[in-house]
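Next come two complexes, and both contain subunit A; in the first it sits with subunit B, in the second with subunit C.
Coming up: the complex of A and B.
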């Protein structure tokens, strides 16, 4: 068994490895997954560290992604902190289970380290699962809280945060990363160790969990099926009420160089890192370019983008896709200023100067 | 100070590990670092490359369009990356198997025949450390002692007996590298 190192030590590791270590440290009870590039290091690292000897966390390689998400469903039904991870095609396979978990009001964490699609696609980085994640990849009216890390440190920090949100709102929560953030190494300080919940703690946090029926209450039932339409509408109203709370309370974003900006780039994950450099290059040329980085993709920082639209001449949404988040930026801006898009697809990652050229061509030269 | 480096060659030449050792060395001297590999089908035999950034400041983009230093270990990588070296920057290449050579006159070009040396002296496994040694001779961006500390940190303990061979390889590389004048 590999030793876990000292607290607060600055380490160098891949984003995927950081996710695995953070999962153990935040008191995760079980990881169920199936390997797929570019996120296989999550499962590999967990298998190497063997947390079942230390915290008692279960790590299981399932026979498929469909099995993984249903194992997560089962564990979550018992109030356990359960998670899975995959990359785009694997996450597509999980959508039924995710919709069922949303319907059954179950918390869990799903990590998607996106690769190019559609189909089996490529193994190189992509952000083309934005729609699938924030618009509901499975059937029915549901949403999943979506955190978009842009560094290895955030990969580590967001696991515990995702579990907190998942249990607070009884909803599946996504960490939507991309192949670059998963594969690159950066400095990271891992979160401190938190023990796994005891049964008493689970009952306190998740009184709905199926941990055995005491005499004083009816059995807890975990189910997403309501045969009566009015009951199904009632469940939907509960879920929608929660989504409104999430939208009110949980929006996260970062702004860089926005105060005096004439143009703003909007980007998440690796695209935001690239755009930060684009902003630096632009400012070196005297162009006042800022960056809004949505950290939560759902809930989306609509209000902040709307506010900045009062100040700037245009926004450019930069994504590793054919243009998905740009629709939400346009909804936020509501026609006030031009919102253009620049992206590369299929696993190509644009360089900072390429983005700057796109900004000039699509917006600055038109003003 | 910020040093933006690309290391490119064939899969199996130790390109990614050389980058990792550099990144660990930067970590050892308290710098901000990023290590971004090409993890595509390249690692199964084609060309592989890694971008390493060592900086005293926060690293914004790990993805770069221009580099201070390029370390080139095969012909396709030269064709791809020679033009991406910033003017005044450094290009180090191992000429083994090359039929076309660097042509730019606005950058510093060095040749290190580490592949040939390593094969002739049965030291193939430390070839990448020779190249790293060559880099440190002409661009002392990290101290050799920090490289060794970084190596110790990144190598599993069962390989620690190889540390001295790696240190020797660094010094061999320092002797092998030579400046090339492009006319």
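Coming up: the complex of A and C.
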């Protein structure tokens, strides 16, 4: 067993390692996962730290991603803070369980450190699971709150935040990172230790939890089955109502150099880090280029993008994909200004110069 | 005159257990599910573990098991019950955790979850209802459908070269070190019901004592799916199912 570090100590580590340490520190009860590159360090770090000796957190290597997400379902059904992590092909396997958890109104945290696809694809970084994550993924009408970290510090900070949101809205919550954010090393201050919930605390927060039925209450049943059509519609209306609340309350984004901008780049995760540099390069040339970084991909910062569309001449969505988030940017802008896309695929990460050239070619030169 | 007046306590020979809910069952008359539910209710009452029980329902006819027993339930995706049970029991080791699964759920779509939960020796009990057919979806072939047996997807009988052999998964599970108790029972006679009850109670005690995984296979009838009367289905089961799935303990450690 390795000793955990002191409060507020600055450490150097990978994004994946930060997720593991943050999970232990935020009072996570159970992690269930299956190895897949580029995120295996999460499970490896947990197995090395052995938190079951300190916080009592359960860590288990499952036989598949299918089993992992269903272990998370079982734990979450008991009101426990449960999480899993994987990368794109593994997250595809989990979609059945995520849909069931959405239907059963269960909170959990799923980390996807995206790699290139489709298929077995590549172990190199990608952001091509945007559609899968924010547009559904599994079957049925549901949404998952999606946090997109752009640094190792945010990898650490978003685990506890994701659990808070998951329990507040009784919904699976994603941390959607890419292979770069998972693998790169940066300095990080880990969050302070929070104890795991006692059973009394769970009952207070999650009265629906299946902890065993005392004589004074009816049985708790964790279930997504509604055979009667009106009951199924009723559940859907409850979920949709909750999604509207999420859209109203939980939008997060960051703006850099937007106040006087003529052009805005829209990017999340590692693409946002690249675009931040692009903005600096552009400004050195006298071009007023800003950046909107959606931190929550669902709910999407639609209103803010709409507002900035009143001010700027064009927007460029920059992604490690064939162009996915760009559709949401276009919906927000609603035809007011040109919205173009620049992306690389297959694990290729563009340089800041490359993005600046694309901005010039696709937007600035056409004005 | 009410029920209490008719039944003289001195003459009372049978009383419904208190863990079963007062609701009509959806199971077909003659099906084994109802009897097994009743046994489980009796055991939970007699062991005094109602407040400590977390049960997991499958997909299949028993998907509605949560309506009939007054304990906390989780309903699992098809085949995934042992994965749910794994996490629940590891996080709540003093609880009675059991899954209730049919042959399609446990031995087809959930084979991986079943084998790996057993191989890890999760301290759970698995109640396995084997009636050789998919009842809920209308009588299709199951992994345990006998060779030559007619179902809606084997209308001319299970053709082994085409559809494979019936899977005797309980024999496989008995070979795993994590498994402490494996038995095969049936509830078609009074003696069978009594033996099955003892078996399920033993499995539940193993879970409470964290001794490893216990599996109680109940070879069962699906008279509606088999298109037989309940009595004929019982006879057919004894004659055809028992030679392939023989009664008795396979392992008891």
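Methods note: the second predicted complex is superposed on the first by the 367 of 367 C-alpha atoms of A that agree within 3 Å, B and C clash if a C-alpha of one lies under 4 Å from a C-alpha of the other, contacts with A are read in each partner's own complex, and residues count from 1 in each chain.
Note that in this section contacts are C-beta pairs under 8 Å (C-beta built on N, C-alpha and C of every residue); 3 or more make two chains touch, one makes a residue touch a chain.
These numbers were taken from a predicted model, which means no experiment stands behind them.
Model built by superposing both complexes on subunit A: subunit B and subunit C fit together without a clash. Of the two partner chains, subunit B is the only one touched by A:38; subunit C is not. Within the superposed three-chain model, A:284 lies out of touch with both subunit B and subunit C [touch as defined at top]. Using C-alpha centres, the superposed arrangement gives subunit A a vertex angle toward subunit B and subunit C of 120 degrees, stated as a multiple of 10. Taking subunit B and subunit C in turn and counting the residues of subunit A each one touches, the greater count comes from C. When the two structures are aligned on the shared chain, A:124 is found in touch with subunit B, with no touch to subunit C.
Contacts of A:210 after superposition on the shared chain: subunit C is touched, whereas subunit B is not.
Applying the stated contact rule after C-alpha superposition, one finds that A:229 touches neither subunit B nor subunit C.
Superposed on chain A, the gap between subunit B and subunit C at their nearest CA atoms measures out to 30 angstrom in whole units.
The contact surfaces that subunit B and subunit C form on subunit A in the two complexes do not overlap at any residue. Against subunit A, in their complex, subunit C makes its touches with residues 50-54, 56, 63, 66, 70-77, 80, 83-88, 90-92, 95, 112-113, 116.
Interface of subunit B with subunit A (complex): residues 20, 23-24, 27, 32-37, 39-41, 59-66, 154. Put simply, subunit A touches subunit B in their complex at residues 10, 12, 37-38, 122-124, 179-180, 183-187, 270, 273-278, 280, 347, 349-354. Those residues of subunit A lying in contact with subunit C across their complex are 29-30, 32, 58, 60, 62-64, 66-68, 70-75, 77-78, 80, 82, 96-97, 100, 104, 210-215, 219-225.
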